[in-house]
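Shared between the two complexes below is subunit A, which pairs with subunit B and subunit C, respectively.
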Partner chain A sequence: MFEPIARFFSAKPPEVLPYYVAGAVLFSILMIFVLINLPSRARKPLIALVTFLAGLFYATEFFFPIDRATNKNFLTDYLVPASKLGSLLGGMTLTLGILSLLRVHGRNIARLRAGWYNSVALLVAMVSMVTFGLMDKYGANDGAKKVFNVLFEGMLINMDATMFSLIAFYIVSASYRAFRIRSIEATILMVTAFLVMLGQVPVGNALTDWLPQDGTFASLRVENIKQWILSQVNAAALRAIAFGLGVGGLAISLRIWLSLERGAYFEKEI
Partner chain B sequence: MATTPGTSAPRDIWDRLQAIDRRVLYVLLLVVIILPLFVPIRLPMVTMPSTQKLYQAVESIPEGGYVIVSTTWSGGTRAENMPQTEAILRHLMKRRLRVAVFSFDQQGSQFSYNIASRVARDFGYEYGKDWVHWGFRPVAGVVMKSLVRDIPGTFTTDRDGKPTKDMPVMQGIKDIKDVDAIVEIAASGIYMDWIGLVVGANPKLKFGFCPTAVMAPETYPYMDSGQIVGIMEGMRGAAEYEQLVNTVGLATKGMGSISLAHVLIMLLIIVGNVGYIVTRARRS
Partner chain C sequence: MQHAFEKIWPVLIVEVLTAVIIIWRIVSAQRGKELFIRRIPGLNAIDEAIGRATEMGRPVLMVPGIGGFSIIALQALSIFSYIARSTAKFGNRILMPVADPTVYTVAEEVIRDAYQAEGHPERFEADSIRFLSDRQFAFASGVAGLIQREQIASSFMFGEFFAESLIFAETGNMVGAIQVAGTVHTTQIPFFIAACDYTIIGDEYYAASAYISRNPTMLGSLVGQDFGKLLIASLCVIGSVAATLAALEVPVLGTASQWFINLFTIR
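Take a look at the complex of A and B:
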């Protein structure tokens, strides 16, 4: 039943590949055009149908018994094409994101709204990264490679690290200001936090290094106390939370799969 | 004279202890982080059972075994995830295991390629024969579902677009049952996807996780259940692992800074609380 589909999605020889690519692009443009012009009342059932079919595919593949000889069921071979389709959809959402950024920030610049220069910086950075990234990947230009390295490894990565490092400063400030032992619970929390923090760093280990490594008193070494807190107290609490999350996640998944979910993203006019 | 905000009472030492200027805190933190990098502090370090378990799991893989290393991290968590990546790759290559590296993050892909190339040079690993880099792969869930059944089909090309099917390192690798271990180095909760979609598909598969320290506590239940064989917890875990593989890397060097920063935070909390307790006692 699925043989023609499998044949269609199989690897194509290089001489016909461009025709398939061109055909796929044309088909995609046509589909986008049709979807955009679809009446509003027809969109929701269509989205519900596609969501249901996609979920049905993975659920059936997962639950349907496998043939012991091949270790597969009738859908297993389509997992890889489905994953590629998923990657393609991911790529398309990226395009949507870029288009949205261009529209929002282009409008900011055109109307000279407050902070418009930030929008200029964002768009210049985005266009530069894409341009030099493509030139680095597909061109044989050493200059472009150097510029891309400066942009990616010299700037982006370090700015990312800088932004994240700032958290340390806020944590110090916030913990100093907010951590007050106003109740028994807060006191227990602070003592526990101190023990875990001490157990996490060598200076904490040094404090109880005089205690034996084995035997009864070894339990009082700060790293062992930390380990006990994490593996016993913390793990038990997390298990309970994870269990609740799992049940909730299952319920939400079913609601989304069957398009029963209501609320912010699901009742909006599209 | 300074007064407590909202009151006309003069501020005494106990009030001041609760309201140290944040710029002073920032400078203190900066000093305790930078100083130990120039003046190394040697402190005893005990290897945690979680790190030891990960090390033992790698040790138990037979020579020539196949390990996938996923590096889902970016520049923001470089301080923790970079030494973790380097430590685990050193161990894998020291043990002459076949290694496939890839990432669900673009930055992570670049980082892991740089690190793996450097470590591979140290151990005489040949690209394509002993190790391969599959590059950046978006949409983690679908990639995981796919690699369970068909690894060559999922990673048809390496990071440079070269076909992987003829590479010696890919020979004999069809699906997840041919993989001995997966190590995920991440700054996110992606371990849940690995456990949910991949780990159960091969009962013999060892799954190791190297999270940032802040994420480590939430992974303990999965180590208890055996779904995660071992955890390398943040920079501390990386330092312990470096100790186990007999190397001194960024993590070991950074332990002094981490120690002093922790001590500073605790001292500041104590100072603030001393001021708070005395003030409260006086008022009552």
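Take a look at the complex of A and C:
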């Protein structure tokens, strides 16, 4: 049943590829035009139908029994083309994102707002990275490759690492506030965190090293208390949260799949 | 390719049963059944935080995380839509930095619609919703800079957050902003609890839009969610009893228990 669709979306020989690309572009433009001009009353059922079919596709593919030999069912081969559709949409919206950046920072520069030179730096960095990135990927110029390396490996990666390392300092200030003993809950949190931290470091383990390795009193060794907190108390709480999130996710997915979602997206019943 | 577990039917049955319960509660709520939901302090604090920003005349920050376009982002936008309605009413300035271009496109529409629904389309500023970067720490530094420069009064962080969560929360704390956060990532919840004034934990995140809007469809779904949790909790209790009976090798009951355990064991 799906053979013609699979044939249509399969890789095409170079001599016919431009026609397919041109056809796809024309079809996309036509679809965008039609969707924009559709009256709201017609657009909502269309969105509901597409959402339902897309959800049905993924749910069926996931639950339909598979052929053990190939680890596939009749829909598995279409997962990649379907995910490519998502990537295509993402690519189109990236253009809108870049336009937003240009709009905000272009205005900052044009009106010489406070810190306008930061906007200049941002736009120069963005254009340079794109230009040298493309030259690095598609060009044969060694100079461009070197510049791209300086920009990417020498600057961007290091700036990322700098931001990441800030977290260490933020953890200290946040935990200082969190661990201040102001209530019973904060005290329990403080004591628990203290025990887990002690269990993580050699000095903590050394404190109860004199206790036997086996038997009843072994449970009082710091590393065993830490392990008990993590595997019994913490894991149980995390699993409970995970169950709640799973069911919550299922509920909101159902609402969106069946177009029952209200509020921000559809104010009235479809 | 990832598929349902090899033992597919028990999983399918539990999921379908949960889905049926949720839909049943939605339908009964739509028919006018009164439903009670418990108080969630973090969500009650949203109005308080907006009120504070109005009094101080400083902006309200909304961060939808760095995740892509998913149900998590949709839920975040649903909460932000409510916040935007309030800010439209009171004339607050909003800032919404976004890391994913698809989320950015939808966010712009959702916030614009919220202003229109409140009857103040002229108050909507397109520049208030900004795409910053899809790189985690470039986005983090952009948001941290925005918080410092704009001296925000309130910060709402809902969505998918990873290592950058603490950077946002601590920077917000430095400028004295009242902060409400919620994420589905359990690894980031402790950071938010430590640094924010209110944190939405676990499935409260998915309850937010129902709690805020009090829409019957969403309230019904929320109650259905609770029934689903009850079903899973019951299965956990039965599983624990079954595991004990199987371990003790109780005649007949032990064999039945082992069958039950096998039914839900994932290889």
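In this section, the second predicted complex is superposed on the first by the 197 of 270 C-alpha atoms of A that agree within 3 Å, B and C clash if a C-alpha of one lies under 4 Å from a C-alpha of the other, contacts with A are read in each partner's own complex, and residues count from 1 in each chain.
Convention: contacts are C-beta pairs under 8 Å (C-beta built on N, C-alpha and C of every residue); 3 or more make two chains touch, one makes a residue touch a chain.
Being a predicted model, the structure only gives us computed values, none of them experimental.
Asker: Kindly classify A:A140 by the partners it touches after superposition: subunit B alone (first), subunit C alone (second), both, or neither?
Answerer: neither
Asker: Report for A:A242: first if it touches subunit B alone, second if subunit C alone, otherwise both or neither.
Answerer: A:A242: touches subunit B and subunit C.
Asker: Touching A:Y58 in the superposition: subunit B (first), subunit C (second), both, neither?
Answerer: It touches subunit B, and subunit C stays clear.
Asker: Taking the superposition as given, does A:R107 touch the first partner, subunit B, the second, subunit C, both, or neither?
Answerer: A:R107 sits against subunit C, while subunit B stays out of touch.
Asker: Determine, under the contact definition given at the top, whether A:A251 touches first (subunit B), second (subunit C), both, or neither.
Answerer: second
Asker: Given the touch rule stated above, what does A:A206 touch, subunit B (first), subunit C (second), both, or neither?
Answerer: A:A206: touches subunit B, not subunit C.
Asker: Let me test your reading of the model: by the given contact rule, A:L198 touches which partner, first (subunit B), second (subunit C), both or neither?
Answerer: first
Asker: Look at A:R180 in the shared chain and tell me whether it touches subunit B only, subunit C only, both, or neither; answer first, second, both or neither.
Answerer: first
Asker: In the superposed arrangement, which partner chain does A:G115 touch: subunit B (first), subunit C (second), both, or neither?
Answerer: In the superposition, A:G115 touches subunit C alone.
Asker: Share the list of subunit A residues that count as touching for subunit B in one structure and for subunit C in the other.
Answerer: Touching subunit B and subunit C on subunit A: residues 72, 76, 79, 89-90, 156, 159-160, 163-164, 171, 173, 175, 177, 238, 242.
Asker: Quick check on the complex: what are the subunit A residues that touch subunit B?
Answerer: Against subunit B, the touching part of subunit A is residues 58, 72, 76, 79-80, 82-84, 86-87, 89-91, 152-153, 156-161, 163-165, 168-169, 171-173, 175-177, 179-181, 190, 194, 197-198, 200-206, 209, 221, 223, 227, 230-231, 234-235, 238-239, 242.
Asker: Which positions of subunit A touch subunit C when the two form their complex?
Answerer: Against subunit C, the touching part of subunit A is residues 61-63, 65-66, 71-73, 76, 79, 89-90, 93-98, 100-101, 103-104, 107, 115, 156, 159-160, 163-164, 166-167, 170-171, 173-175, 177-178, 238, 240-256, 258, 260-265, 267.
Asker: Subunit A touches which residues of subunit C in the complex?
Answerer: Listed in rising order, the residues of subunit C that touch subunit A are 1-4, 8, 12, 15, 18-19, 22-23, 26, 68-69, 71, 74-75, 77-78, 80-82, 98, 101-102, 104-105, 110, 113-114, 117, 126-127, 129-132, 134-138, 140-141, 149, 163-164, 166-167, 169-170, 173, 184, 186, 189, 191, 193-195, 201-203, 205-207, 209, 212-213, 215, 217-218, 221-222, 224-225, 228-229, 232-233.
Asker: Residues of subunit B touching subunit A in their complex?
Answerer: 20, 22, 25-26, 28-29, 33, 43-46, 48-49, 74-79, 107, 110-111, 137-139, 141-143, 145-146, 148-150, 153-154, 213, 216-218, 220-221, 223-224, 233, 236, 255, 258-266, 268-269, 271-273, 276-277
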